[in-house]
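We call the chains A, B, C and D, going by the order they appear; numbering starts again at 1 in every chain.
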Amino acid sequence: MDKPLCIVAGVGPGNGLAFCKKFLDEGYRVAILARNLERMNEYSRASDDVYPFSCDLSDSNNIKNSFSEIVTSLGVPSVVIYNAGSALFGTPMDVSPEDFEGAWKLNVLGLLTVSKIVAPLMKNNGGGSILVTGATASLRGGAIFAAFSSAKAAQRNLAQSLARSLGSEDIHVALVIIDGVIDIPITREFFPNKPDTFFLQSNAIAETYYNLSQQHSSAWTFEIDLRTSCEEW
Amino acid sequence: MDKPLCIVAGVGPGNGLAFCKKFLDEGYRVAILARNLERMNEYSRASDDVYPFSCDLSDSNNIKNSFSEIVTSLGVPSVVIYNAGSALFGTPMDVSPEDFEGAWKLNVLGLLTVSKIVAPLMKNNGGGSILVTGATASLRGGAIFAAFSSAKAAQRNLAQSLARSLGSEDIHVALVIIDGVIDIPITREFFPNKPDTFFLQSNAIAETYYNLSQQHSSAWTFEIDLRTSCEEW
Amino acid sequence: MDKPLCIVAGVGPGNGLAFCKKFLDEGYRVAILARNLERMNEYSRASDDVYPFSCDLSDSNNIKNSFSEIVTSLGVPSVVIYNAGSALFGTPMDVSPEDFEGAWKLNVLGLLTVSKIVAPLMKNNGGGSILVTGATASLRGGAIFAAFSSAKAAQRNLAQSLARSLGSEDIHVALVIIDGVIDIPITREFFPNKPDTFFLQSNAIAETYYNLSQQHSSAWTFEIDLRTSCEEW
Amino acid sequence: MDKPLCIVAGVGPGNGLAFCKKFLDEGYRVAILARNLERMNEYSRASDDVYPFSCDLSDSNNIKNSFSEIVTSLGVPSVVIYNAGSALFGTPMDVSPEDFEGAWKLNVLGLLTVSKIVAPLMKNNGGGSILVTGATASLRGGAIFAAFSSAKAAQRNLAQSLARSLGSEDIHVALVIIDGVIDIPITREFFPNKPDTFFLQSNAIAETYYNLSQQHSSAWTFEIDLRTSCEEW
């Protein structure tokens, strides 16, 4: 029998890669999606069970094509991690309508498009998990996060609609609120004077995603927050 | 000196009309915007201080043109009420991407577009109020409100970003969470067996909007909920 | 016919006094309760419609006696403002069990005791309002607000229980989340370098309390926040 | 070297017992506390690593004595689960002041008392976890849960104060919001017509508690909800 399939939609050097490694370690095949195919090829050389796909998650047609290809070649996923999204700074007066719409397409419309594809397949397969990467901005509209926080709030309520409508079909939708800065080269450059304890470690975050995907249907989580022990919150 | 100007963006037979009447009673000129110019003309016959403008609030260019016309002819508003939005039913699996995007454009992008136009004018004028009509769906992603609740959550976080970034410029942004069903002919038809106490009265809602617009800057509200005394919540 | 009666339970130099003045201005008789009878006597000299009562709101028997006296001499209140509570600093490790319990008795048990007395009387009288003074700490357990924030959260959920169980009897229960520092001599001393815009003005706060007490039962508020236009939140 | 110690404060036939089993399976010694020593003795016969202690968690002196005994005989705990609390029905008008205070002592003062004892010991030991059992009532004051929901809200804010003040000392405080009814004989009797999927399974809940206790300090959770896949929420 095939190993179960995990799809990580949105793979950068931080969480996405850590999710890939963790699910590999737990015996999954892992399809990874990002715009940058080259970087993903580097990751996929590490294991025969990693399958990279180029995909712009802010483009619905691109999503449809990539997921069609994945399902045809690898089958129905047991776990989908929707990990798209990058912080975008600016007040409502500063943000351009294009960036504002782009953040919404990437964080919200992309999640809807992916869910419309995978939920019916998961249902026929007896269930599955859709795990969504949120942020503090999912809960709070900061002055300088006009685009990001508006999109993340829309994503959160969509994830709730998904969880409430798909739960009885054994599809578990959960939202992880990441509160803080993840330890990757670019954030270390941005915060050069912060101690190690300032940064969330992607490997630790990946443990929680994996545990969520394994929860028994009699005790599912919808929302969980993650921050370092030293975070001011 | 001219009477102060209130713009009600989104006028139907319920709240929009009640807002118009209340601000008229309090000595404002009122510009009302909706797609249906005919119905608004009917309202505007009641007073020389009501100015109807045809506008589709889900269309940014349309908003820009209408507001340009309003400001040119009537001046800078003291109060803008962003009252767009109509509930749309359907789970994430049922909603079409077009309706999902339409709800976002009407509730969120429209608010951003309006704010980008009026906030700089209000700032130059010494301040103003932007009041936004939210709903229970602003806080909760119900199973069958995929489009509406996702859009309303995005609108709420955008309103927070606006409030936080514009407060020190004396622009007061507030969100009213309307929890329940407003008493208009169409809702009476939809809920024929409900008692009168089931329905929120628009005139009562309008009192709260007016009070918000008059709050002193040392004690501003961002969020306030409204429901009937008999609501189950 | 008698003027309607407002009871302000918890009167200091800031909000309590402002509530007293506002309801006086609007034609109410006002009973004011505090431990410090002397200071209240000073307030009450200003008007024949102010009635001071000495009461320790952390003592249930004291509350029962005072309210019995008020009802006997002045009748059933239309409005009760539960304005008890003073911030107490300290982490959970620092706070004494006695102070922790004292904060709970003052903020929570006192509200229950008052409500058990006035709600049945209001019901027989055709309704009334119970307005509760909350704080940011009602929503958030800060590190150094162990006693205050735990008590305020308990008060908030009790206020919700009250609102939900008494609404259909025309008793309106509302919670005002005051987010910031009120302008009174002691806070000016504590924050000597803050600008005027840092401080909430009690007179402005009192406007909102009065407006809440006048809401029509078809559009009642449960929760409303208040902060200055310049607050970082 | 000794096995690590987990203390489960509040053990009934549902969660408490499941926590005990799970931590036993993972190689912990487990001290269990409840008023009913007899029932606990039955549990403890199953393993030499289970240590029962009689304790009324609504009585601070009783807590101090029991924890003193535990620490003396078994050492400093790595994990403490504060699992006290039983739902109590009644509106604010119905609940007696004694029951209202009892719920607060059990859910809130007991947690403070336990934390004041174990946090300094954990700190000296290099850290530890305090896991608190919350409920939907932690977030919402239902009409007929006056005592329970007020106490649970107070407990939640206290847990936040604990988490915020102890995090930098490597003490992880987390709150688990259990949303629903746990499968034990008494709840099956109370809901005789509900399907199996209506009930949360304690064994599944225990998995999440264990995972929380193992989180790396770079990605700690404060709050997590648990409900069945079929729950209406």
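By our rule, contacts are C-beta pairs under 8 Å (C-beta built on N, C-alpha and C of every residue); 3 or more make two chains touch, one makes a residue touch a chain.
Computed from a predicted model, the values in this text were never measured in an experiment.
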{"item": "Centre distance in Å when chain B and chain D are each reduced to the mean of their C-alpha atoms", "value": "45"}
{"item": "Distance between chain centroids, defined by C-alpha means - chain A, chain D (Å)", "value": "31"}
{"item": "For chain A, residues contacting two or more additional chains", "value": "164"}
{"item": "Category of the chain touch graph - line, ring, star, complete, other", "value": "ring"}
{"item": "All touching chain pairs, where touch follows the definition stated at the start", "value": "A-B, A-D, B-C, C-D"}
{"item": "Chain A residues touching chain D - in the complex, by the definition given at the top", "value": "164, 167-168, 170, 172, 183, 197, 199-201, 203-205, 207-208, 211, 214-233"}
{"item": "Interfacial residue positions of chain C with respect to chain D in the complex", "value": "60, 91-93, 95, 97, 100-101, 104, 108-109, 112-113, 115-116, 119-120, 137, 140-146, 149-162, 164-166"}
